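The structures come next, written out as structure tokens.
Shared chain: chain A. Partners: chain B in the first complex, chain C in the second.
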Partner chain A sequence: MSQQLAIILMVDVEAALKDNTLEGNTYLFDNMKLQGSEGLGTGKLISAINGISYYDGSQADKQILNWLPYGVGSLPPTLPKSFLADKSKNSDLNTIEDFKALAERIETNENSQFTDIASVVEELKKISSSAGVKAKVQSKFQGILHDLGISEHKIMDITGELITIESEGKIPEINSLTPIITGISGEAVDKNIIYPAAYGSPDMVTDGWYWSASVDTYRPGTYAYTMDVQLYKLSHSDGQWRWIPVHMRCEAYIRITNDFKKNGFTNAGVGSLPLPII
Partner chain B sequence: MVGALATDSLSGQVYFMDTNKANGSTNQGTENLKTVVEAGDRLVWTVISLECEAYAAIDEIVIDEDYCKPEKKTYEGTDVSYWIGTVKKDVKIIPYNIKFKAGTRAEPITTASSLYLVGKDA
Partner chain C sequence: MESKISICTVVDVIESLSGGTLQNGNLCMMDNSPYNSTNQGTPNLCTLCYPGQTINWTILALDVQTPVEIKNINISSSG
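After this line comes the complex of A and B, so read on.
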């Protein structure tokens, strides 16, 4: 099987939206440091791809690259894909239960608490505010609103707790939606060095679509490529919270060399993995 | 993760970022992140491994508890953890270390050099 290498695009979403650029607000990583990648943890990553052969002279298989975007202030990608939907749905169910309980308390006039409408309204407001706030995604071209994923999602913070909105003019501290890569282009693609495409992942734990490419490792050199990245900005208009897509771009590089491929565990070519002595 | 497991060390294998660069946090994307904080700030630590198929989690955050006492919590309905703590009082510069669980390795691996919480005026 081809060696799979990961390139991580970490975006400080809040800062990028504020500055309206990814410049200075991205951190790129890959797992090819052992092969000689440079600039890990910076905005200028040069991924090393050692192409031609293993140490024993055998021909190396083609290289596969996978790109994964993450947000610095976003929920971890290791959470189940359904986390946002489940949490939103559960909070609705809890709210219904709270309303039922309130109806019973009003009926029995618990502690003589509900003597007028104002006291009931106060309780209703308390329950409503704990139900969280829904936000829809606005489509890029026609401004149409639709649900994120298959159901309406509520706005959460980084710990997955629903947030309450104190003032509609003030954007609360939120979990930024994880950015997505919408395209890979540029020199490396134009010169047919990499052949990128978006794939659907069968892995339900990750977020489905991801960009991947096979690399023509027989043409050594350093090549630039451009990532089209979509971030989401939370805003409020016409009485509705909405995630507005914001398109940005950033660049990175691959450097293909004739150096030998290395195995991260053995630090060399094909060979025995270091088995523990029992 | 492969690097950390192969060398039994986090030196050169871990990178830290925060969301407070605009307020002066420095050393982003390095092992020695300096996060600018003030009393009352709520700090949340999460971890992502470069190989998405590899398991990594925070095992402990070793810090002077007079300033911050992080606790482990899990996201509702999952066993994915995060650590959370509130800055109790203003700091000048407080070093701390993080222990990570990695793969199926029994013993946690500790950061090779310190991270820091830094006061705004430090």
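After this line comes the complex of A and C, so read on.
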């Protein structure tokens, strides 16, 4: 089977939400530069797919493409996907411990610190502010709020530290939720050049869902396709912080040629594969 | 928003190891600085920031089966 090829969609989420467009706020990459991909690191990627045959004339396998979206200011995707949930839960447990410790300190009136209610309230406020801020994801059509993943998550910065929000106008730098691709369409799909679908996998890194497509390499040419991308904007209403889904689109291309397929491990030689001498 | 900057690097690990270089388009960098950094999407990213601003670096491999890490970051004055 051919090497599966990856197309990375990197989004500057904050800038895209501010500009209300992905134009100028995306960077695309693939691992097909060896075969002649163009526009890597820009918003206009042309992925080269050498398709039809091997050097000896034998028919090449179909090509598989995988799309993975990431955010420039998002938590690194190599963290376990349970990171947000674990961190949120642990912070709750820590808060409970802090309250217990406070109760003991009040009971013994440590350092004669708790002489009036105001001093107790101050300590309580300190503990609750370190507990972080919870946010739910709002559904796209009905405005229903639900948890992100299996439990309620707290808002963090890109280093995974919980943040406190003083007011909506003064939100500290946050870890923007990783964008998701919700669909792939356009010319390449309409002309049956690629057959995309969302697939599930047990892989913990990509959260189990990714878009993938088989390419009909029998028809050389350059074909456009459109990615539907969902970003999340942090917003506050009805006393609740929520991630509001924002839908955007961006376009990229594949260029199928009838050049021979190349093998990256043999330095791209178009010739018989160097067979190891045993 | 208070401004911290994230600098994200994407590496084609297989291509870099095969060619023995991070050049030739094998590495691209981009950031989310609000001050219009230059050379976005290239290995020569120039991030615009103000003194004292926090910068976070992350790195990402193109292929999920090829891990990559940042070993060290050296700050030197540029000519």
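Assorted remarks:
Going forward, the second predicted complex is superposed on the first by the 264 of 278 C-alpha atoms of A that agree within 3 Å, B and C clash if a C-alpha of one lies under 4 Å from a C-alpha of the other, contacts with A are read in each partner's own complex, and residues count from 1 in each chain.
One rule holds for everything that comes next: a residue touches a chain if its C-beta (ideal position, glycine included) is under 8 Å from a C-beta of that chain, and two chains touch if they have at least 3 such contacts.
What you see is a predicted model; the values in this text were computed from it and never measured.
On the superposed chain A, the positions of chain B and chain C overlap enough to count as a clash. In the superposition on chain A, A:E14 contacts both chain B and chain C. Touch criterion not met for A:A224: it reaches neither chain B nor chain C. After overlaying the two complexes on the shared chain, residue contacts for A:L102 are found with neither chain B nor chain C.
In the superposition on chain A, A:F83 makes contact with chain B only, while chain C stays out of contact range. In the superposed model, A:L40 lies in contact with both chain B and chain C.
Once the two complexes are laid over each other on the shared chain, residue contacts for A:L68 go to chain B and to chain C alike. When both complexes are overlaid on chain A, the residue A:F29 reaches chain B and chain C alike. Once both structures are placed on chain A, chain A residues 6, 8, 10, 12, 14-15, 27, 29-31, 33-34, 40-42, 68, 70, 72-73, 76-78, 158-159, 206, 264-265, 267 are touched by chain B and, in the other complex, by chain C. Only residues 1-3, 5-6, 12, 15, 17-19, 21-22, 28-30, 44, 46-48, 50-52, 73, 75-78, 80, 82, 84 of chain B touch chain A when the two sit together in their complex. Residue ranges on chain A touching chain B, taken from their complex, read 6, 8, 10, 12, 14-15, 18, 25, 27, 29-31, 33-34, 40-42, 68, 70, 72-73, 75-80, 83, 86-87, 90, 158-160, 206, 264-265, 267, 274. Contact residues of chain A toward chain C in the complex are 6, 8, 10, 12-15, 27, 29-31, 33-34, 40-42, 68, 70, 72-73, 76-78, 157-159, 170-174, 203, 205-206, 264-265, 267. Considering their complex, residues 1-4, 6, 8, 10, 12, 14-15, 18, 24-26, 28, 30-32, 34, 40-42, 54, 56, 58-60, 62-64, 67 of chain C touch chain A.
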